[in-house]
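The two complexes that follow have chain A in common; it is paired with chain B in the first and with chain C in the second.
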Partner chain A sequence: MTIDPLYLVQLTLNGLVLGLLYALIAVGLSLIFGVLEIINFAHGEFLMLGAYAMTFMLPVVGLLYAPALLAAVLITALGGFLLFELFLSRLGQHDFERSILITIGLSIMLLHGTQYLVSATPRLVDTELGFDGVAIGDIRITWTRLIGGGLALAAFASLYGLLTRTPFGRAMRAIAQNREAALMVGIKPRTVARNAVVLSTALCGLAGAALAPIQLVQPIMGQFLIFKAFALVIIGGLGNLPGAIAAAVALGLFESWIGGFFEIIWQEAAVFLLMILVLLVRPNGLFGRAIVRAG
Partner chain B sequence: MRRFAGVGAAACAVGAAALLPTVTQSNYLIGIAVSACLFTVAAASLNLVYGYTGLLSFAQLAFWGIGGYCAALTVATFGGNFWQGLLLAAGLNGALALAVGYPALRLNRHAFVIVSLSFALLANLIARDWTELTRGPLGIPGLPAPTLFGFAFRGTATFYYLALTYAMLALGLLYAIASSQIGVTLRAIKQNEILAQSQGISGLGYKLLAFTVGAVLTAVAGGIFVFHLTIVDPLILDFYYMQTFLIMVIIGGAGSFWGVVVAGVLMSALPELLRFSADLRMVLYGAILVAAVLVMPDGVAGWLRRRRVERLRAALQ
Partner chain C sequence: MAPVPDIVLALEGVSAGYGDVAVVHDFSAALARGSITTLIGGNGAGKSTLMRAIYGTCRCFAGHIRFDGTAIEAEPPWQRLARGVGLVPQGRCNFPRMSVLENLLMGCYTLPAARRAPAIDRVVGLFPLLAPRLKTTAGNLSGGEQQVLEMAMVLVTEPSLLLLDEPSLGLSPKTQAELFEVVRAIARTGVTILVVEQNVRGALLISDTAIVLDLGRKFLEGPARDVMVDPRIRQAYLGGTIGQQPAA
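== the complex of A and B ==
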């Protein structure tokens, strides 16, 4: 089999963008786990929420990309705030199973509520940017993909700065590292937990909004992606943010390559088999557990 | 004395269940009873894994669906009969439970939950995408009635006895496990695994045992269920089923054998009563789950137990 190098570069670029957007979801999931020790099963639905917010805001703001994206992120973050204040804040520290059952219940309510309200029909989302792109030689990449990848990178850079340079972020890392010690120096776990949930859902909303013009928007989209995000978080090490990002980018590339040459079923099965393999060899994930190493 | 009362009540319930087709001629009602038998087995299996052992396993959904596909494919594609299909369902899912359970159970319970969920979602994707084997979203319709020594389990009432017999066998086995030394050990592991290990109990072995038994029983129930539906398609792996099993366990009371069995029987009727819109029904299910977890974390059985303890305390004072 001869492989056209251009085709390979094209696949690599698409895979990179996809991987960066996966990473936004996985990072949020990992952050919530690191700080609250719970797994947010409704995370995929927040992605869906972000994508639908983008879909419905675009016509309102005249198809302008930036304001619609901003609105989508804010709406999703508000959803995260409600999630914490109404449900997650009622859970104790050892209510792990209850947190899962509650977020699953919410996930199903959001998914089917959306399906009931806007129907399950997939939507194609158009922006001011349309489906134009830049061409470097024979390689084409659409503006929406390029911006999506850029936004993800910017988000990771700000998240890193936030976690290492500001009291807001340092408090999150402190709670994740040692809850008792953090309490002793006067960090309020409830506030930090709320911040972590709002931040995570905002990242998820950003991913959803950026994905909307790239993929079809449909209520079930969160379910497809969350499954991958879970595997990524496990592979990267639960609660380990750089690990989750590395695993996500690797998966995006991997999927794009496999999808380019093999049948789709292998694309879906690959991540699960990889997860089982990693768990057999390194039960704590490839990168162990630490939210972000002090830097 | 309590024990005799329990056995007596169970015998009465079985007798009443066996007489159901003589009471009503309605295929609709008997169809609900068939679902009730099989859902209750699946819920009781989940109870063994989650309620007793403390492992929140979403893999039950995968076993239910893969069991359904095993039974259907054996008859429709591999040229076998229904019973061989159930055997395949039991064997394959037992093996899968060991293969997935061994790496996943070595982890902490957080990671176990995620792995089990990913496994269920993967089964769903494969059912949809591996069209050469599963025929994709169209599924395999027109499954024939099972036969035994020339006798066909045709018609809902006849099929009901098949489902009821299986439910009795499976629930009997689960009860035997739950009330034996194994059940006590599983509870010990749930409450404090490190303490259990210090008593010389291998946590992993027992957890793997509970996970595998739950998988096999659920798979066979799923295999029988698709022959009741007479079709298997990727909807058998829909999260709706997992949600139903979970609600039964949570409302009944995780870790209470009879609580979950009673909830399973009663709540099988619930989806039939709520026949407005599939999506709204799911929203309501989600709300019930959230409310139950927030308000009644130990289910009805836990609530009754707490009340009994409180009354005893009051009497002592």
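== the complex of A and C ==
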């Protein structure tokens, strides 16, 4: 097999953007795990929520990218607020089993509810940017991908600043590192848990909204991603945010290369095979477990 | 007429525990301002439960906990902290992946931003050993340094009542002696202290009062120097012979 270098660069760029958007999902999942000690299996549906919010807001704002994206993030964050206030806030500290049932149940209800409301037909989403892009020589990347990747990078930088520089973010790291010490210094665990859920779902909404013009939007889209994101969180080292980001970017690249050079049918299987192999070799993930480590 | 003692904390018939199970039963006591009180008892006597009940991190089923005359048993821990009740729980209780300075900043979590820097300066003055360690990751400090850090994290808020649960656990005898000196120094600044200690002798030496808990109930209360010579206490907690000694 001969590899066309231009094609490789093109695949790498696409994979990089995809990986950065996966990382937004994985980081949120990791943050919720660190602070609430639960896995939010409904996280993928928040991605779908963000994507549909983008899909339905775009025509309202005349196909303008920025306001539709902002609205989608806010709508998803509101969804996260409701998720916490109605369900997650009722969980006790050692209710891991109940948390699995609640979030899987919610995931199924949101998935099928959306299918009922908007049908399962995949939608192609158009924005003011259309399919325009920048071309450097023969390499071409669409604006929607470029902006998506840039937004993800900006979100990681803001998240890092938030977690290390503000009391709001420090409290999240504090609870993840030592719950009893957090109570000792007067942190309100419920408020911090709510903030973590809203922040995580907002990041997921951002990923969904940014993915909408790049991929097909369909109710099942979150299901494809949640198990990958969950695997990424483990591979990156449970609770290790930079680890999750690195693992997600690696996955995006790997997926793009496999999809580009082999038959697409191998893509999903190869990805999970690789992840299983990594965990067999390094049971604690590539970068070791941490407790919401920001740096 | 004897002067009425200035009571900081009054426990009135307190029953406390976890879930539906009470561990401490019908416990009453009063702590005078600026005093040091040692809580003595065997494993499972309810010492830590009582400390948590006062701070609000376990359930209080019955009775009243009055702090400066106000019943606080229904309040969450952060409200009690704001009133001036501080608890340093048993075991390692800091943020191991944050620096010492970040840990102290976390201690200032409930303080307005303008008060944080002076509060940290004050406790670093109180515990000079922290000064050269501010940038060190807390998890890399020695056990004694971590214990001092944890006390400092609570003292930044200037509590008037400090609850110390096993502060000397796992420390070398020399560090234990230094720690007791620190506790005494804190009390001299007017802070009322209730301490649970596995080093009963060391704690009694710096205490004004001792309370003995047995199976969740108050067994004995008195001046520390009297409790120290009480034959029952000597036998049970101060290394006296318990029944027959095994043959050497």
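Convention: the second predicted complex is superposed on the first by the 289 of 295 C-alpha atoms of A that agree within 3 Å, B and C clash if a C-alpha of one lies under 4 Å from a C-alpha of the other, contacts with A are read in each partner's own complex, and residues count from 1 in each chain.
FYI, contacts are C-beta pairs under 8 Å (C-beta built on N, C-alpha and C of every residue); 3 or more make two chains touch, one makes a residue touch a chain.
Just so we're clear, the structure is a prediction, and the values are computed from it rather than from any experiment.
Participant: Using the overlay on chain A, decide if chain B and chain C clash or can fit next to each other.
Facilitator: Aligned through their shared chain, the two binders fit side by side on chain A.
Participant: Decide which partner touches more residues of chain A, taking chain B and chain C as the two options.
Facilitator: Comparing chain B with chain C, the partner touching more chain A residues is B.
Participant: With both complexes superposed on chain A, which partner does A:171 reach: first (chain B), second (chain C), both or neither?
Facilitator: second
Participant: Touch check for A:96: first (chain B), second (chain C), both, or neither?
Facilitator: In the superposition, A:96 contacts chain B only.
Participant: Touching A:186 in the superposition: chain B (first), chain C (second), both, neither?
Facilitator: In the superposition, A:186 contacts chain C only.
Participant: State whether A:4 touches chain B only (first), chain C only (second), both chains, or neither.
Facilitator: Neither partner.
Participant: Could you say whether A:279 touches chain B, chain C, both of them, or neither, answering first, second, both or neither?
Facilitator: Only chain B is touched by A:279; chain C is not.
Participant: Touch check for A:238: first (chain B), second (chain C), both, or neither?
Facilitator: first
Participant: Once both complexes sit on top of each other, what is the least C-alpha distance from chain B to chain C, rounded to whole angstrom?
Facilitator: 14
Participant: I'd like to check the shared interface: which positions of chain A are touched by both chain B and chain C across the two complexes?
Facilitator: Common interface on chain A, chain B vs chain C: nothing in common.
Participant: Could you list, by residue number, the parts of chain C that touch chain A in their complex?
Facilitator: Counting only chain C, the residues touching chain A are 55, 57, 76-78, 81-82, 86-89, 91-98, 102, 105-107, 109-110, 150, 153-154, 157.
Participant: Which residues of chain B touch chain A in their complex?
Facilitator: 50, 54, 56, 100, 103-104, 106-107, 109-111, 113-115, 117-119, 121-122, 125-126, 129-130, 239, 243, 246, 250, 277-280, 282-283, 285-290, 293-294, 297
Participant: Using the touch rule from the top, collect the residues of chain A that touch chain B in their complex.
Facilitator: 33, 37, 39, 41, 87, 90, 96-98, 100-102, 104-109, 111-113, 115-116, 223, 227, 230-231, 233-234, 238, 264-265, 268-269, 272, 275-276, 279-280, 283
Participant: So in the complex, the part of chain A that touches chain C is made up of which residues?
Facilitator: Per the touch definition, chain A meets chain C at residues 167, 170-171, 173-174, 177-178, 180-181, 183-188, 290-291, 293.
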